[in-house]
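What follows is a group of structures, each given as structure tokens.
Two complexes, one shared chain (chain A), two partners (chain B, chain C).
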Partner chain A sequence: MKKRFLAIALSLVMAAGCVACGGGTDNASEGGSGSAEGTEGAAGTSEGGSGTVVVAMGAGFSTLDPGYVYEKYPPLIVNACYENLFKFYDNEGAPEPCLADTYEFSEDNLTLTVKLKDGITFASGNTMTSADVLFSINRCKNLQGNPAFIADTIQSMEAPDEKTIVFHLTQPDSAILSKLTYSALAVLDSAVVKEHGGTDAEDASTTDTAQAYLDTASAGSGMYVMTSYIPDEEVVLEKNPNYWGEATNVDKYIIKIQPDANTQMMTLSTGDIDVALNMTDDTMAELSGAEGVEIINAATKTVGFVMMNMNETYGGPVSNPKVQQAIRKALDYSGMQIICGEGTLTPYSVIQSGFMGSKGERAAEYTNVEEAKALLAEAGYADGLDVDLTVSDLDMEGILLTDLAQKIKDDLSQIGINVNIVSQPWAAGYGDAYRDGTLGFTVMYWGTDYNDPNVQLEFLPGGVVGLRAGWTAEMAPELAAMYQETMSATDNNDRTAVLEKIQDAMYEDGPFIMAVQAPAHIGYNTRLEGVAISDPYALDVTLINIK
Partner chain B sequence: MLRSVKKLFRSNYLFTFGVIICLAWVTAAVLAPVIAPYDPIAQDLTLRLKAPSTEHLFGTDNFGRDIFSRVIYGGRYSLLAGCLTVIIAGGIGTFYGAIAGYVGGWTDNVMMRISEMILSFPSLILAMIINAVMGSNLFNTMFALVIVAWPTYARLMRSVVLSVKENEYVTASEALGASKVRILLREIIPNSISSVLIMATTDIGNQILMFSTLSFLGLGSAPPTPEWGMMVSDGVDYFNKFWVAGFPGLAIFTMAVGANFIGDGLRDLLDPKLRKEF
Partner chain C sequence: MERLKFTGKRLIYLAVMLFGVATLVFILTKMIPGDPTVANLSQRALNDPEVVAAYKAKYGLDQPIFVQYVLYIKNLLQFDLGTSIRTNKPVLSELARCYPATIELALFAILLAAVFGILFGVISAIRRNSILDQLVRAVSVTGVSIPSFWFALLVLYFFYYKMHIFPGPGRLSNSFSAPATVTGMYVLDSLLEGNLPKALDALSHLILPGTVLAAFTMGLITRTTRSNLLDVMSTDYIRTARAKGLSRTRLILSHALGNALIPVLTVIGLGLGNLLGGMVLVETIFNWPGVGQFAYESVLSADFPSIIGVALLIALNYMIINTVVDILYGVIDPRVRCR
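Coming up: the complex of A and B.
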């Protein structure tokens, strides 16, 4: 954040350099806007052809080997170069078959049978078989990297024939299709990966040596192939000549790993990049009205929530259910949305808007200071109360949690609750206290590990986050039982029904208030169409066309 | 003494200027509830990030709070932190250094090594560590500043005491049978204190800056306390809205400059080597 001024100055110099060398290149997006070499080369050669799209995205990762992919941005690349059995074609709703043709759950929901589509070939020309799927998923599991947890509910797999995969699950798991969309479970060309030292054996975590290769090239069936990856600099994707499906008209992507919002804003407005993924509310304001630039503000599934400990030892007055209801009624959600910026929204309840089964947004009219005061009086605090609100130094997608805390303090002062904000750095005690469930009253955020509403089940009594609020399964056995019910509901309609029951149960009660879904801001050149926000892939480049 | 202060006012315009600035800030801080037109922590989201106007002299921040009122109230924290840190650190350092210098020998050795240990850390980093471990609030921030600041005073005091204790009047007191404590309190400290005073006056400005730095880094009071450093850091997110960070920044600047001018003036007055025509 504090490097911003330097970044602006640098990008000004860069921009000046481009203008000096480039002459009259209108919205052509040549690569290498910084180096004199790149600019000279691009002026008349094919590199800067109109079929190339330049994207700027955030950093924070060091490998593009799907078996290790866990961070926010690598899925953008993996989704372009590889494919999964299932995919989110739309940011809202359920996963749909991609490589899969048909799928079927057994009666007891413990077996999932998937049939592959016909005629799928890898970029190498090899034909995809069920053996490739088994290899890829086993490799991810056995590498024991960060994303290996995603395959935890897969006990074993078998391939009765070349086109069929049978998954045996450890327990009914209604999120399994979403999990199979996860980048770490992308299907690799097993022949190519094995050739470069890859293995799916149980000791893969020590014997697999394919990462070095997969950081320089891709081995998938996706629309693009990766031709170069310079860590923390750029990734180049070129069209897969052997793509089995229908491709878009973008021939080449240059993905710049350049997270600074101001640099992105400037390079987007000069036409050096086509898509900027890390804009902020403030930089968006600079761009509004700029010609040839379109702006998207939309809510992500990262949610900022208020937690009130159910355990009286820690929560004190806020462990009182009536006080919890009063606080929920008193918070000014529309005000929080203003502070967090354009695109922010407040979910109806514990399931974020945009997830399958979500009941959407909480109505702005829910806030009612008079009713909140009445609830507080009912709880025996007619004269108000004093409470500490602990807050860490973290930020939620760029929004400081202390900003949310200040808003909460102001809102609660309206009903006579005097909030004393206590700041505690994450590393100096907050993190431990949060995980141990000893924080009484706090505001935190929650990012989803994978794109499925089941990740929210941890907020149920007895769940990982539920316990952090001192909410045990015994306190609300009926609600706690819905955890298993949701896990077993593999039919989408059944699943929506139980998810709605959970949302209704937590709409007015419980230790959690889902205050805001943080926004993401994307700016893009209007010569493109199909640019949209994507929670699983950051940006789905396979849906973008040049007009 | 009074005459020389008068002379100082007349001849040293920077000193006069510094005194005026600091008096203005002290008045503002003391009379904040009277001067400030708005409640410094009252939010009004309909007035977010408004540019300076007659309604809001310094504009409003991202919660719609009046920056002028916040700056006025913020003076309280900076003044308090700057002055109190110097008084406490100077007090501790004076006695510590005087004892080390007067007693000498092994005591001196051990005491000075301890203070050098603290001096060997980069002061800002040390203050940050202390603050992060103890939790951040106004008291802890000042505590951290004191911990970082006192060894400098101790070192200065010790070196002065080493020469003062060789004077005849000290020997005379010893010969008369005065106790060590009496000599220390009555002879040594009063005759060595002026150099510490000179350093203390120039140090107030530094401590205000240091306090603002810690507060900028999020290691001061918890929000929404209107501390200047924290207000500047709030403004970093709105770099195209200059008033959010600009006015608190200007406040820090004027306060630090004022304190330094006073410090320089007093040094001219108190330091015999620099006492030109006074």
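Coming up: the complex of A and C.
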């Protein structure tokens, strides 16, 4: 009887095991053939010539309403479902006309006139007119959400006819074309959005109710339409049947939210996904040499920087220009690149490599501990000094800022600077202190709001970030004046010349050290072509084809 | 009448507890440092006083804390948990969206844990000090001690990535679209849709995360079942029953197991309550969009209405489970009913 009871128990265990394995086998067979609901989707390589591409991204988002988007990944979806007057077709290129046919600046650079292309239709079948453009930009402005700043230099707009939009600017703005590529200024189908409670009125921040609709459906003219969105899980995009342009051969995208890099590596290897956007150095190593998988390691324009407050009250010894120079000389930029991973680089100065006008990279030989010690002695700290380095809990493209802080501490110990790392959560004090300019010495990152070198002008004296380092325009009036000079230079050659002057001026001086440009690691299935790193869109799905 | 009185008492107790939890969590979230404006507005937007003011007005953050509290309790009485600062959607609908995923996984995990835990516990007790007993005890200790995130990566690596036995992360394979939402639980909704392959696919996706989550509770259940069964087996009434010539199987199933299971029920209840609160790391690794991930994102965004919503949900879980466990005590052991 004892044996019989044990036999029954063991049989139960085995039966449960068989049921479990059965589930897996069942799934595998379906993935392979796509039989049961093959038309519903596809699983990367497992479906061979399928027209579906599965992309994994590392984080969910709060909204897909273009009027509110500012997070990293929504532009991927907005760029697929909506279009802007201008677009970046190349990550390192200049903005090119998309919905715009022609454009022209007035002589005083205060007016921009844009003509729309003919025959543009929204996914709804409605024809796009200049009224839709006005509605979309005014709505973004008046919603007063995170991206509202993007339209700051647009004083007013008018639409003299159905195809023409005239922008009146508050000041010459050499970045206006780049700003018009930003997802928040995507052109919406105003009829559809109004039908769902949208408004571009001045009180839109309290009266517009279209966000709920735009979080579940798209209302644009892009190559794809959003057919499903399950928050924190997946977004499904299907080809827009009314697309006016030339579409790629990808019929459908399934965008999966996969926060863990190991998970992305495994799902890419097994063919469950086709593109993994958030790999890490470790997971890339696992993929190296894997059959059917291609990898990209390249620098993004997100930059990690050291900030030394110019105000002695907060900065203490690091407000001393000689100490700043010593710190700049002492940092081991090559070592930081190793910490951040393959693809990382150190920009020459304040303009990241890849931007128009950038002077490229800072030479590795710049680091010189002996010169740094001499500079420190010149500053009156021959015996070294003690300083607090405040660091937040944020990460820069997956790299913890605390890791960078540890490296800085280690590097500065070589010249006698004893760094005490002080951790402070971003939302619990650090953010306020950073914004108020009361942090003395910190390491932080800066993600580009829009893809244009002018975003870096905020680091100039008197700029938004400059002031956070206590660097007022009065402290360096010549450099501060270059802000306006750059803004007014709508000619690219003129702008490049000013940007180069700024970089040279901040190469060895000032409160900021641009330490690293963070890398992006993308893995993708070799059945695809056109996969590339994209700063403005994270991944431009409208350029991807299946081989 | 007695039963009505008992239920009424329980409901009043539940309401008072929920009110207490709501108040406590509200005070705690306001006391801890963390500014939702800083957490949710971009660096650019934070520099624009108009944008900051509009944001604070929209979520009532410009009101004094006492006014915020009164408004919150007033809304709570109307089953309105407020609007999520992170997603701008009602917290109730956000919880309704992610809770079914957690329930589905938690129920699967607790079922695994209970079935195998009791089975292993019984085997271990009746084969006391044998190799089988040692093996079961080793497995249960491992289950209790193994860090869930590491176990999750391990099973995913071997059983999905290397051996291709089980499906990978997520709730469904790419070849299936999500079923129409009725319960929010994919297995059930797929069956309601009449789509058996989809239901089996959803079920197969539960196996790995379910096993990982079950490991801890299963270890506890095994140990509790074993020790209680051994205690019961040494009591006088069992000795008497054995003297009467009852078979060992009948002795265990009809006389010993029922009494031994009472403390096990408590463990199962607590385990379920724990699982229903969401498991951030396991949910993250398996891309399971449940309450754990929602809570984690809410904390990062200092999304106070959502944090309070999750806290209330967890409190409600435990209260309901404890009530059910109390009732089940009575079902298993008539002496409890008499008391």
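Keep in mind that, in the parts below, the second predicted complex is superposed on the first by the 491 of 547 C-alpha atoms of A that agree within 3 Å, B and C clash if a C-alpha of one lies under 4 Å from a C-alpha of the other, contacts with A are read in each partner's own complex, and residues count from 1 in each chain.
Keep this in mind: contacts are C-beta pairs under 8 Å (C-beta built on N, C-alpha and C of every residue); 3 or more make two chains touch, one makes a residue touch a chain.
The structure presented is a predicted model; accordingly, all values stated were derived computationally and were not measured.
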On the A-aligned overlay, A:101 touches which partner chain: chain B = first, chain C = second, or both, or neither?
neither
Regarding the shared-chain residue A:509, is it in contact with chain B (first), chain C (second), both, or neither?
neither
Based on the superposed arrangement, let me know which partner A:378 touches: chain B (first), chain C (second), both, or neither?
neither
I'd like to know which partner A:149 touches here: chain B for first, chain C for second, both or neither.
second
Figure out whether A:263 sits in contact with chain B (first) or chain C (second), or with both, or with neither.
second
Using the superposition on chain A described above, determine whether A:338 touches chain B (first), chain C (second), both, or neither.
first
Looking at A:405, would you say it contacts chain B, chain C, both, or neither? Reply first, second, both or neither.
first
Quick one: classify A:422 as touching chain B (first), chain C (second), both or neither.
first
Kindly classify A:435 by the partners it touches after superposition: chain B alone (first), chain C alone (second), both, or neither?
second
Would you mind checking which one, chain B or chain C, touches more residues on chain A?
C
After superposition on chain A, the chain A residues reached by both chain B and chain C are 1-2, 4-5, 425, 427-429
Parts of chain A lying in touch with chain C, wherever the complex brings them together
1-2, 4-6, 9, 12-13, 16, 20-28, 30-31, 34, 36-38, 40-44, 47, 52, 54, 60, 62-63, 68, 70, 144-149, 205-206, 211-212, 215, 228, 230-234, 236, 254, 256-260, 262-263, 266-267, 269-270, 272, 425-429, 431-432, 435, 449, 464
What residues on chain A touch chain B, complex-wise?
1-2, 4-5, 8, 280, 282, 285-286, 335, 338-339, 391, 393, 402-403, 405-407, 409-410, 420-425, 427-429
Across the complex, what residues on chain B touch chain A?
41-43, 45, 48, 62-63, 132-133, 135-137, 218, 222-224, 236-240
Which residues of chain C touch chain A in the complex?
32-36, 38-48, 50-51, 54-55, 58, 86-89, 94, 97-98, 115-116, 119, 122-123, 126-127, 153, 156-157, 159-161, 164-171, 173-178, 195, 197-198, 200-201, 203-205, 207, 247-249, 252, 284-287, 289, 293-294, 297, 300-302
